[in-house]
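See below for the structure under consideration.
So that you can tell them apart, the chains are marked A, B and C in the order they are listed, and the count of residues begins at 1 in each.
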Amino acid sequence: MKEAKTREPATPAAPPKPKVKGSRSTSRVSTGRPKGRPAWHRQHLLGIEELTPREIVHILDTAEGFAEVSTRSIKKVPALRGKVVANLFIEDSTRTRTSFSLAAQRLSADVLDFYSQGSSLSKGESVRDTARNVEAMGVDIMVLRHSAAGAAHYLARCVNMCIVNAGDGQHEHPTQALLDAYTIRENKGRIEGLKVAIVGDIAHSRVARSSIWCLQKLGAEVTVVGPTTLVPKGFTSMGARVAHDFDEVIPDMDVINMLRVQGERLESQLFPSLHEYTWLFGMTPERLQRAKPDVLIMHPGPINRGIELASEVADGPQSSILRQVTNGLAVRMAVLFLVNQAASTGR
Amino acid sequence: MKTIVIKNGRVIDPSCGLDQVCDLRLAEGKVQQVGKVDHTCDRTIDAQGLIVAPGLIDIHVHLREPGQTELESIETGSAAAAAGGFTTVACMPNTDPPLDDEAAIEFVIRQGARANLCNVLPVGAITKDRAGKELAEMGRMARAGAVGFSEDGCGVASPAVMRRALQYVTMFDKPIMQHCETSEIAGDGVMNGGPTAIRLGLPGLPAMAEELMLQRDLTLVAAAGARYHVQHVTTAGAVEMIRQARASGQRVTAEVTPHHLLLTEACVATYDSNYKVKPPLRTAQDIAACIKGVRDGTITALASDHAPHSVAGKELEFQRAPFGIIGLETALAMYVRALIQPGHIDWPQLIRLMTLGPAEILGLDKGTLQPGRDADVTLIDPQRTWTVDPARFRSKARNCPWNGEEVTGRAVLTIVAGDIKYCADADQGRINH
Amino acid sequence: MPRGVGLGRLAGYPARAKEKLVQVLYGKPEIDQALRRMARQIGEAMPPGADIAVIGIRSRGEFLAQRLIRLLETYQPNGIPSGVLDITLYRDDLAEMGPAAVLRETLIDFPISDKYVVLVDDVIYTGRSVRAALTALAEFGRAKATRLAVLVDRPARELPIQPDFFGWRTQPNDGLVEVKLEETDGVDAVELP
């Protein structure tokens, strides 16, 4: 709370206000323009690594504004009316794609879907050519999922559209990390000072990398947990703590984020069997008993019931899995809105 | 073949320790006189301010012919070499089909002669079809003109095959040149393994992959007593192993590329495929160790590993793009930047690393300006600054990480067997007709 | 330190050196009085048995709405539903605002379909904010009737929209009137910079 100084036009600090959900104590003139630099000026969302804490908080706050839209009877706002959003999912994922689709539609945008399951992607065409063809159709925002790390960064250099990274290989999955952070903040009221564990195949997980960046920038302490073959020491260079004994870590944690174990890892013999994996790293009801009573259990989905997560835990009161899906919609609406606003003055 | 007198240049000949301003006379394709020379000639070249060196030799280039001439041909590759100041190049056998028999070797030599821009010396494959199983006809290839044997693009995976190859090649007194990479450790790695690869989400290719094969090979080399050359060394551990092998009397040599002396794995953060290369760009400590290896004579040759790819080929996501960086036309300037400008070595040492060093590795009677030897001469302007513009390269390829940069040091005249094969535009005036 | 408090209708009040000259038109007592008057007008204008709801337009409208609700309690003793509307997404200059557009939450957690809705804002100038608010409100249903209450009406309309209840009306060439509230700015004042 600043004292008004002689040099500036006096903006006396706001006294404590009655608590209204979502209100923030910034002083504004009635036109809705905030003082100072805009918090978000990026035309793309390529990763969390390059974002500042202020930018991340701004996305989460904006998402709060959009969360309400999904509770209305007419679940639409005109924010992206007349704009075209294209989903280019070279590596398909029905749930992420439909989440982005629905988010764009709630913002009144027109939505195009290109995904590898259908024949809508030409065989042999390079992703650069595909993206430029999409742009030539008049698309404003492209949501990209690709199996190659850095694909979003690469395409952002090739086209003028806004690019939102929906997952690039093993590198980042920014909107997942953001919706996880939103869910934690919604449940715990804050992120700073919390102890968060991410459990599973960290080495191959873009969700893990994005989450490590996101949570750290917001002041949480992150521990990555899993077998030595899937959680290399190198992750300490990202600021996370590395642990291989899940039971030892559990009692201290405020949030435990379970990652899906993929069959391919078993094939490449990074651990001998799912049975052994579950015994060492599965979130069972017994392990839940040893956690804090108000621990938040998270999972990006889809769940392998009985493997990384026991059914009772997935469906239990500490699980936020369905909240994550709902919040994912609000976060993606916020992201599409913000990149569009950033780009609109440049046009 | 005209008679040429090159006067007033700083003549550096590492084979006899010569480094002084004097004149050179070339006649009938050979060096005739050094020092005070007879000035009657067909052409006089005033080399004031320039270095007069033996023709530069690059023992590691890819010319993509036969089979992939859309990427590069022996002709365009030779033109690129001459423009870079190289009078001799040794080209690798990972063509399509590979250079694994006499006919292929003869084909490359013929094409090189037809292009008539520099000496093109083929390196034969170690195994048939580069499949790593059966030895190729090294004897007949050597007779046809192969100067060494390599599987480059990959290493020889089987210890038994490598052992046999090292034993066999001693009959022909040619080196085995190994691309050290244990493929099972390398996996699908696309950049140096380590924290940066983890951060960028890219599969890593650890230093261990290079060092493990080198370690194995050095044991086999000691037993066979063969000549063994380590291609594109990149890790501190590998340099140390080579140092110790040489100290214990093994006939082991090594080369290093310009990009492995200048660029680290941090460059990959942009996901620009112009930084995708095998072996991958490593760390600053590895670069320092390679430079130390150059200074103390562990590494005796500099080589570009010129690896052309099509523009469309490289315009892909990092993980999908092919490996390779071109280098013939920028190598000299980049060595100046990596080694001369920071003061690690001086010009006579650099010339040695680019002439006599490579010549000795391949057993060539080149890399020297002594009278009676081939008139392969390169004139270098050590002060000349120029801007790297891939659009003006004579190579077909454009995959260069130094696009647009201002660099210092350039070959301004390249003479092969007494004929001028390349002349940098601004120097036309120095040649009197 | 706040400016212009308690000096009422004083002309030409320069605050401090290096600050812009500000003329304080009205202070807290006048604002409270105006709000009481408006509340009375609203209460009398409503048909008997009407179900009033008060929705404030962010940001200052929100707090004026809360004050009005307290003053309207006598007219609807069993409570008046309140809501807050953020009009950012409905502005006709949203694209031009670019990254300066900051979205905040809209909260209307009651059905508006049988209500007399009073929209509250601090100032009406061009009328564009109110148009945006009306469009936004329509997303929530069809109110029985919608009325507009503003503290200051500055006639500089670019749309045919007029307030039903207002505290003061200024003259067209009076300049850009600014409202400050204790809840957002630390002081109640209507100023002329």
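Methods note: a contact is a pair of C-beta atoms (placed from the backbone, for glycine too) under 8 Å apart; a residue touches a chain by one contact, two chains touch by 3 or more.
Computed from a predicted structure; not experimentally measured.
Chains that touch both subunit A and subunit C: there are none.
Distance between Cα centroids is largest for the pairing of subunit B with C. Chain closest to the overall centre, judged by the mean of its C-alpha atoms against the mean of all protein C-alpha atoms: A.
In terms of their C-alpha centroids, the spacing between subunit A and subunit C amounts to 37 Å.
With centres defined as mean CA coordinates, subunit C is found 77 Å away from subunit B. Centroid to centroid, with C-alpha atoms defining each point, subunit A and subunit B lie 47 Å apart.
Under the contact definition stated at the top, not a single residue of subunit B touches 2 or more other chains. Along subunit C, no residue makes contact with two or more other chains. Across the interface of their complex, subunit A is touched by residues 194-195, 197-203, 270-272, 312, 315-320 of subunit B.
Looking at the complex, you find that subunit A touches subunit B at residues 49, 126-128, 146-151, 153-154, 168-172, 203, 206, 209, 232, 234-235, 237-238.
Subunit C meets subunit A in the complex at residues 1-3, 15-20, 57-63, 66, 84, 86-91, 94-107, 121-123, 129, 135, 139-141, 178-179, 182-187. Residue ranges on subunit A touching subunit C, taken from their complex, read 4, 6-7, 9-15, 17-18, 20-24, 27-34, 38-41, 58, 61-62, 64-68, 72-74, 76-79, 334, 337-338, 341-342, 344-346.
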